[in-house]
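What follows is a pair of complexes built around chain A, which joins chain B in one and chain C in the other.
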Partner chain A sequence: MKNKEALNSFISSIFAICLGLLFGLIIIFIANPNQAVRAFSILLQGGFYRGIKSLGLVLYNSTPIMMTGLSVAFAFKCGLFNIGTPGQFIVGAFTAVFISLKCTFIPNSMLWIVAVLGAGIAGAIWAVIPGILKAFKNVNVVISCIMMNYIGMLAVIELVKSTIYNAAGAESYSVPLEKALPRLGLDKLFNGASVNIGFFIAVGLCILAYIILNKTTFGFELKACGYNPDASRYAGMSEKKCIILSMAISGFFAGVGGALTYLAGTGKTLAIVETLAPEGFNGIPVALLGFSNPLGVVASSLFISYINVGGNYMQSCNIAVEIIDIIIASIIYFSSFALVIKQIMNKRRSRKLVGGKE
Partner chain B sequence: MDIIYFLFRQTLLFSIPLLVVAVGGMFSERSGVVNIALEGIMIFGAFTSIFFINIMQQNGVLSGQSLLIIALIIAALSGGLFSLLHAFASINMKADQTISGTALNLFAPALGIFIAKMVQTTQNIRFENQFRITEVPILSKIPVIGDLLFKQAYITTYLGIGILFLASFILYKTRFGLRLRASGENPQAVDAAGINVYKIRYAGVFISGLLAGLGGLIYIIPISTEYASNVSGYGFLALAVLIFGQWTPWKIGVAAFFFGFTKTIANAYSGIPFLLSLGVPNIVFKLLPYVATLLLLTFTSKNSTGPRAAGEPYDKAKR
Partner chain C sequence: MEYAIEMLNITKDFPGIRANDNITLQLKKGEIHALLGENGAGKSTLMSILFGLYQPDQGEIKINGKAVKISDPNDANRYAIGMVHQHFKLVHNFTVLENIILGVEETSKGLLKKDKARNKLLELSKQYHLNVDPDALISDITVGMQQRVEILKMLYRENEVLIFDEPTAVLTPQEIEELMHIMKNLIKEGKSIIFITHKLNEIKAVADRCTVLRKGKYIDTVNVKDVTTEQMSEMMVGRKVNFVVEKGEQHLKDVILNVEGLTVKPKHAHKELVHDVSFNVKGGEIVCIAGIDGNGQSELVYALSGMMPIHQGKITLNNKEVTHMGIRERSLAGMAHIPEDRHKHGLILDYTLAQNLILKNYFDQKHQHLGFIKFDVMNDDAKRLIEKFDIRSGQQEKSIVRGMSGGNQQKAIIAREIDSNSDLLIAVQPTRGLDVGAIEYIHKQLVEQRNAGKAVLLVSLELDEVMNVSDRILVMYEGEIVADLDPAVTTEQELGLYMAGSKRGAGYEK
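Moving on to the complex of A and B:
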């Protein structure tokens, strides 16, 4: 039974992906008919277009959205819509950069671990505030998360200005390579793409989240509280505790995402601009495409990153890179039809069964 | 006194778009469809209408207030049509409404930038702001009110206030409004009374699209002369205002005005001698709109609940 369900989900995702790509192809044809076929084949080759280096880029780009996607997915599983990932992400990023630049008393080999953990805790704190407000004061999580996004973004700008400000570029200082995440020779393996241990941390955390949610009593309680608060209260679970803990864990993931992005040693800096971190919002489609399943998030973030890399190469055919977002948006749109598609498939199957009995 | 007039006008510029979009969201959510796509619909409505303004101004066909009025109609209609995508997914296809809403939010800016880049190579669409009314004849001579409302104004301000009155009337005084509210609370009862829940919900989402599209243009016109398919999160703020206003028109009005006012303080504090003399760090003013909203919510949300059936696809077979 469970396998059948999984198969149906899989088929409806494939259906959505195909429809989305088809839609993208039509748009490309309208925009630039002469080069459409070439452009589209580059898009599909995506992560293999320039060999192993492109593949490395896929892994590198998937890391931030995998973490924010995991953050959104984890909260979803617990019945909460964590739209506060941009705030948690940027607060985590600041904490990580701050620790690695200012905590010089920690040896470089240990520094990144402390920075990543610090970032996770900062993200957790940022997410736990909406959690507490929801649990004790019934404040809608969506609205408090939106407010925390802006508060986080503005506070980080102010903190960067007063602590790690590089006046020359009107941005923060970047994390130097010797303090960055270890690369373990991966950059050489991938021919110069900045792959580092961060990708594996992200995948590891996704697996950990999967185990917590599906194999532990604690995870069961979190899911139960989200699914049916009344029944869980009746069964002796504390709804308040569940809300607060699931927000904290969710925020931890987003915060770690910020650290993994800014500690990559690629010279990325915290800019002084009043826009919310796009990596945060991009976690929402990743989570949705992965059916809010932590392992699904690994797959969907790799997929999105894959066609993004393809989209960048495709710009040489005079097609704006935004086509990728159009495709992803239509895939998500079509994937929302999943329920009806599953119903149709179930109907056909049951008809077959009935036919067999006769 | 001049400072007060200035602050009031600025407040209106921030709060009117929030108000219009949040009232739009109210129609959708009261009918039972959660509309997280407000941001995307705003972006789309503003995109089509500003593109229209750009073409008209370049060719010198239309200008001034008549151009603005036609652009407003285009913004509303395109927003309404765009929102039908959300309606189809969430009503007919029984989609998770967060998913299709997110899809629209992602789709609108990507499409806008894509088209702009393809047509004119840059993603910014330029337009000339020739829509500000320096003084409304006669009305601007009224003491105080004339200065507050009828100088340096946009017709969109009056439109927004009119929409608030109209929305309240439709929601509470018409048969359609009653049915709309009922579909968001107890759709089975509506169905049992022989009314088509799907149609009511389509209408709710369509109205939210009209108003969100309109709000997109209203937001962009006064603050900029170019548009890059971006309304800086105003759709999400409108969602917050909608919840803050507890899904009722007048409370939404108050919430939008409150948010607009604190936002004005955050932007204009350096021009106000009184606030500067307090010696508070800048960041306090900048954070004011968000922190104040959070604090207010903390004290007012205890019994806040949305429409009971919002977010659930209506299934006739369910009891």
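Moving on to the complex of A and C:
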């Protein structure tokens, strides 16, 4: 039963992706009919277009959304919609950059570990506030998370300005390479792509989350609260504890995502712009496409990153960056229909069962 | 003899199972025809065929003597067949009138015209003595009233054949009586009724004839007058059913549960829902809390189990005060609880059977090690309980509970609670919505607990259950205990007087 269910999820995800690609193709035809076929083939080749380097880019780009996707998926399992990932992500990012730049007393070899952990804790704090409000005052998590997003974004802008501000670029200072995440020679292996240990941390955390959810008593409680809070209470579980802890863990993942993004040593800086971190929201389709399963999140983030990398290469076909964004967005959008497709499949199957003899 | 509906030799196969095997149901005009069968006997399939939701593999349907083909519910509607579902299909924030005209509303220039509908509704309501206020919101009226709205919906659509699908499952004893009255009125006005149920005394009370199904097969159609309830239940279950619960001699032990001056008053309630209640339950006895639904029984149990805070009072379990303990602490202290609402509280429907069976002990040393659940222990446990309590499901311990039948879901809860080997078992309406066979089984389990020296606190709305199973009856009325009765010397009529609040027992005078 369980395997069949998993197979169904997988098939419907694939089907949704194909639908999305088909839709993307239509947009490409509208944007640039002459080179549409070439552009589409570039999109499909995505992570292999420029050989091993592109593949490295896929891994590199998948890291932030894998973490935010995991964040959203984990909270989903406890029945909570953590839409606060942009806030948790950026607060984590700031904490990581701040620790890297200011905590000079820590040796460089240890610094990234402290920074990543600090970022996770910052993200957890940012998420646990809506969690506590939900647990004790039954405040809708979505609303408080959205408010925390803006508070986080604006607070980070102010904090950057007052602590690690680089007036020359109206942005924060970037984390120098020697303080960044270790690359373990991966950049050489992938021919110059900025792959680093971050990708493996992300995958490792996904596996850890999977184990927590499926093998431990804690995961048993979390999912029980997600499915049926009343029955969980009756069984003596603490719903409050589940809500608060799952939000904290969820925020921890998003915060770590922020650290892994800004500690990559690619010169990325915290800009002084009033926009919510897109990596945060991108976690939502990643989680949906991965059916809120931590392992599914690994696959779906890789896929979305793959399409993104391919999409960027499409610029060589005279397709504007904005159009490419639309194409990628619509592919992702369609892909999120996986759940709908799965429902249709289940319905068809049950109808077949019922009407088998007709 | 003219029949309103004839379903002749209906056979319907589903993969792996023959749901209906050569079933014939003939509904005379102007009769109440009961359709009796256990859960899974094929009643729903048969009615779904009549409604055009399924097509029969063999057999034919005649309406007023003419063979017809019903291919979808609209067809059924055209032939004036209507159904009151067990779970009402009403829009809660609409008024009664709006619900009734929903789908057949008249409009003029895009605006609703309700005046004609209102008049027709008032007329119908008068004709059939169904007192409903057309402008009341569904969310504000009682369940019994909602059912009348469903009945009015059918009448408004001028249906001639009315199907009631287990209509009494959600009603209080008074409401049941009223419903019976309404059904008789409907017959007087020339309607015909198919009454699906597994409650035998209701059939005895209103039905003219009764068709019995068992495991998809047609057993017989009988005149209700000519048979006893025992005979009907034997036909339904296929063996003799023991209505009298064999309890054996009572061996009373020490007090296990003691409640003193318990008062429950939730923050937003106008009054105390449980008022100054004191009683005890000893080992080796079944104490039954009887009363009409909504007289504080649910709140009393919530307070005992820790699911609702108490205002005043003291609860001791095995001489240990548990008044301020959490739910889990009480459960570990020896309190098992079969909850009133098995879907809301008793089970996590999306978990497997095995997971549900460890819902209250997944955290103990036997089931986990360093926070990791021992899945092999969980599955072995589940297999043992499935075997012992005869819980039937498609994939044994791996079945998702949502897909299991109500009786087996209830058995799963009972298995979990009894297996916890607690000194006190609180069972709230443990047999609600179950068929005779399952009820008999559950009563046997409760009695076994009693004979093993455990204390059993049973909350029940069914008079039969109260009289048959309990060793002592506490009657609750408006949040208070008004009598402590011995079932051996109390009649049902007497019990009814206490339940209705018109009498108070010795020692409970105001």
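To be clear about the criterion, the second predicted complex is superposed on the first by the 319 of 358 C-alpha atoms of A that agree within 3 Å, B and C clash if a C-alpha of one lies under 4 Å from a C-alpha of the other, contacts with A are read in each partner's own complex, and residues count from 1 in each chain.
By definition in this document, contacts are C-beta pairs under 8 Å (C-beta built on N, C-alpha and C of every residue); 3 or more make two chains touch, one makes a residue touch a chain.
What you see is a predicted model; the values in this text were computed from it and never measured.
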Inset, instruction - May I ask you to decide whether A:L276 touches chain B, chain C, both, or neither, giving the answer as first, second, both or neither? - result: first
Legend entry - Which of chain B and chain C A:I332 touches, first, second, both or neither: first
Legend entry - More chain A residues in contact [chain B versus chain C]: B
Inset, instruction - Return first, second, both or neither, reflecting whether A:A155 touches chain B, chain C, both chains, or no partner chain. - result: first
Inset, instruction - Would you sort A:I146 into first (chain B), second (chain C), both or neither based on which partner it touches? - result: first
Inset, instruction - Please indicate which partner A:L117 is in contact with in the superposed arrangement: first for chain B, second for chain C, both, or neither. - result: neither
Inset, instruction - Once the structures are superposed on A, label A:L295 by its partner contacts, choosing first (chain B), second (chain C), both or neither. - result: neither
Legend entry - chain A partner contacts - residues on chain B that touch it in the complex: 85, 89-90, 93-96, 98-100, 102-104, 106-107, 109-111, 113-114, 117-118, 232-233, 236-237, 239-240, 243-244, 282-283, 286-287, 289-291, 293-294, 297-299, 301-304, 313
Legend entry - chain C partner contacts - residues on chain A that touch it in the complex: 1-2, 215-218, 220, 223-224, 227-228, 230-237, 353-354, 356-358
Inset, instruction - Mind listing the chain A positions that touch chain B in their complex? - result: 27, 31-32, 81, 83, 133, 137-140, 142-144, 146-151, 154-155, 158, 275-276, 284-285, 288, 320, 322-326, 328-330, 332-333, 335-340
Legend entry - chain A contact footprint on chain C (complex, rising order): 13-15, 54-55, 57, 305, 307, 326-329, 331, 337, 339, 344-351, 355, 359-360, 362-363, 367-368, 371-373, 395, 398-400
